[in-house]
Amino acid sequence: MLYREAGDFKTSYASDNQTFPIRFDRVAYWVVMAFAFLVLPMIMGDYWANSVVVPFLIYVIAALGLNILIGYTGLLSLGTAAFMAVGAYATFKLTTSFPGMPIYIVFLLSGLITSAVGVLFGLPSLKIKGFYLAVATLAAQFFLIWLFTRVGWFFNYSTTGQISMPERSMFGVLITGASASSTAVYFTCLIFVVGMAWLARNLTRGTVGRSWMAIRDMDIAAEIIGVNPLIAKLSAFAVSSFFVGVAGALTFAVYLGAAEAGEAFGINKSFLVLFMVIIGGLGSILGSFLGAAFLVVLPVILKLLLVDTLGWPADLARHLEVMIIGALIIIVLIAEPHGIAALWRTIKDKLRLWPFPH
Amino acid sequence: MLDTQQDGYLTADGRQIGPVVLELKNITLRFGGVEAIKDISFDIRTGEVRAIIGPNGAGKSSMMNVISGFYNPQEGDVIYKGYKRAKMAPYQVARTGIARTFQNIALFEGMSVLDNIMTGRMNLMKTGFLKQALWWGPAAREEDEHRAAVERIIDFLEIQHIRKTPVSRLPYGLKKRVELARALAAEPQILLLDEPMAGMNVEEKEDMSRFILDVNDEFGTTIVLIEHDMGVVMDLSDRVVVMDYGKKIGDGTPDEVRGNQAVIDAYLGVTHD
Amino acid sequence: MSDTVLFAMEAALNGLTVGIMYSLVALGFVLIFKASGIFNFAQGVMALFAALTLVGFQNGQVPFAPLINAIFGTSVHDFGFNMPSLLAIPATVVVMVGMAWLIERLVLKHLVNQEPIILFMATIGLAFFLEGLGDIMWGAEVKRLDVGIPQGMSGAVDDFTYNWLGYGFYLDTLNLWALVIAGIMVTALVIFSQYTKQGRALRAVADDHQAALSVGISLRFIWVLTWSIAGIVALVAGIMWGSKSGVQFSLSLIALKALPVLILGGFTSIPGAIVGGLLIGVGEKLFDFFMQPVIGGATENWFAYMLALVFLLFRPQGLFGEKIIERV
């Protein structure tokens, strides 16, 4: 049968703990990977690559990062966009100061720099929780953006106040700059997404992940059974910011090409990533993919449907989109606080036993 | 009466009790102007089942919190394994081999039973952060080893069937059992149980009593127990501390305590002067 | 007196008047937080929505005109008459009360007993919904709002300070009115909560939901009531801010500043909200005044949040809040 665990006996704890315990899921996973690496690059046009697939992949990384913080550790952050800006500006400074540095290394280093900044702004989380922490992250949001738009050093004193990405290659292929091919950009993003999703999965399945979730579910009890809250919370901030920083670096370097902190990384982007996490599923890696996909595709569909087909004014469609997203957040929180991913899990649980209800 | 200097004693059912492992000396704990614990001293010996009893609000749970390091007393010393314990954070106390359960269940509701128990083992797992991120050999191997240990505890407490169930879906009695499993997973020397049988029916109480005695018997774990059911306390414990209004009013074997006039007064409600 | 001191005083005075706006928004937060434990992120957008609605009524706009035009290919815009403020304000109050009722019906009722953080995120969703709704209903362009509050430089203040200090302070009359109106509103709220039956019920619910339910207070009624009051407070904030700088989206960003105000004042204290708002207003203007030569301008963007952050590390319960003892 298609979706069954009967007969699929586990003979070791390793196989019981694997990411996809059901054979059908394992097969599906490899099919998706093959499609992403082999088929999609062949059939996807430039428009789809640039306006849907690449932003989707980048947002997946950002959503994974924020999910580690909110979904796994229970620490609310409204400063995601500012940390993306840290990644972007770190990439700009690194690549202009050390032109010879391999660009993938630049992205990873930018992530690490963002990590350090994230830990700094995460320090208050040791004393404060909930909305209080949200305000602390708002401080990061507004302060960092102010810094990047006011202090000339960050944008190399350019007159426009913008940063723009010079051309850089990796393995002899142009990755950044206006003449980089969309295929090169796509593969860069795909490699980072696959690698980082794998990291996120590893971290959340072991001791580190359990200490995060313990802090999320009941911090006092976690401390009494031996979780060091300092290490758990700061490591969550560090890992989360690393992801978000890499997402910011990619946003700037391969997606936008040029950016200005206030415009590209304003507070609305923080909310957008937060909504991806909520709609996709708090505390779920698959959820980060689903949420990012949903919120990247929704505006495209609305535009196709309302503006291109029905001829509505573009701003009306945009307002409607804001309204729909707001309503969706509420509906998701009411109907299924753990998002599309939880819905998917329920469907799978039913499918395992289908056609029997129990 | 017991001689506190001696190295141990033999219980009525013939178990050998070892030397003092934890001693509380003149503990006083205040919240603002309220004294929750007033100048209390007693000791806990290796391998014994030590009960703390008393009416509601007597300060039993506060005492438990002092032992587990959640509250730091204003006065007095905690002497653990012969050394005075410095003021430390609760997670550090946990690492010295003291585990506990809570009066109001404090499980991680968003995690499965298995993950909850695995979290209890956190301090025994050593793989570093980076190795976990890459899930290199040692990380995966360690996870499997500890999984095996956790499975033994799961077998022991007879909760195999709910291994992968999210804790939030479990009934009360099973949650209590999972909490015990999580505490046991840390392989503690001292296990603190704060009302492990509160709100249970007779059958569940019998099961839980059996588990507590088995833990004490098989692993040699020292057990400190707060409980309201006097029958259970008298049957399970080797020695009993009685508290009332933050003060210690009795200390001894169940039989000694039962005959103590102050204890009888506290329970029957003789007015205080 | 040296010029710097005078300029600083003027900056502080202006900060005070900005602070009243923060206080007004924070007041709405506190009311809802006390009654339902919900941290209402949408309070700022409610002010925007209220102001938009008021302007829409005043100008006799057809609600959802852009949407209607897009769907039916028509080009309706307004009914062709203007509603006097005296009529438009009560009409807006009715809309806000209706909104409170709908929010209780459609959102809050379904989220009872959820964790505070889920409720908080739901109000972020609500904020986005209302923002989109406001734009679709009344159009997104910046609008002028005039309900007849006098505006322009206050001659009295100018004369008085000129005679006293030899330098005339610039102060907008509108801000003086804002001060008076804020004062009246707080007094009214205090009288309402102290001396009416509903007010007592409100305080009972704030203290303990379960206990209030058990003596027969309808929680749902109380929620509609508080959200209505918060809606009216939002309307007042929207009128003041809208008269000053036009009704536009930036209003809801200003409202974000109410968050640090609450941290300073404590989430449950009405005087705290007022004092916190004034402190932040004055603080950010003075900080900008003195620091501008050193680190550059526009520090208002982040000063309030940083101040709150520092404050949190030393006094997490706010100026007027009570210390929390953690238990297991």
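Just so it is clear, A, B and C label the chains in written order, and each chain counts residues from 1 on its own.
Throughout what follows, a residue touches a chain if its C-beta (ideal position, glycine included) is under 8 Å from a C-beta of that chain, and two chains touch if they have at least 3 such contacts.
Worth saying up front: this structure is predicted, and the values here are computed from it rather than measured.
Compare each chain's C-alpha centroid with the centroid of every protein C-alpha atom shown, and the nearest one belongs to A. No other pair of chains has as many C-beta pairs in contact as A-C. With respect to subunit B, maximal separation of chain centres occurs for C (centres as means of Cα atoms). The distance from the centre of subunit B to the centre of subunit C, each centre being the mean of the chain's C-alpha atoms, comes to 50 Å.
Distance from the subunit A centre to the subunit C centre is 33 Å, each centre being the mean of its Cα atoms. If you average the CA atoms of subunit A and of subunit B, the two centres end up 42 Å from each other. Under the contact definition stated at the top, the residues of subunit B that touch 2 or more other chains are 70, 102, 106.
Shared interface positions of subunit C, defined as residues touching 2 or more other chains, are 328.
Among all residues of subunit A, those that touch two or more other chains are 220-221, 224.
For subunit A in complex with subunit B, the touching residues are 12-14, 17, 199, 202-203, 205-208, 210-211, 213-214, 216-218, 220-229, 235, 283. Per the touch definition, subunit A reaches subunit C in the complex via residues 74, 76, 124, 127-128, 130-132, 134-136, 138-139, 141-143, 145-146, 150-151, 220-221, 224, 267, 271, 274-275, 278, 310-313, 315-316, 319-330, 333-334, 337. Across the interface of their complex, subunit A is touched by residues 39, 66-67, 70, 106-107, 110-111, 114, 116-118, 120-122, 124-133, 135-136, 140, 253, 256, 259-260, 263, 295-296, 298-299, 301-302, 305-306, 308-309, 312-313, 316, 326, 328 of subunit C.
By the touch rule above, subunit B contacts subunit A in their complex via residues 68-70, 89-91, 93-95, 99-100, 102, 106-111, 115, 118-120, 122-123, 125, 127, 129, 132-135, 139-140, 143-144, 147-148, 151, 182-183, 186.
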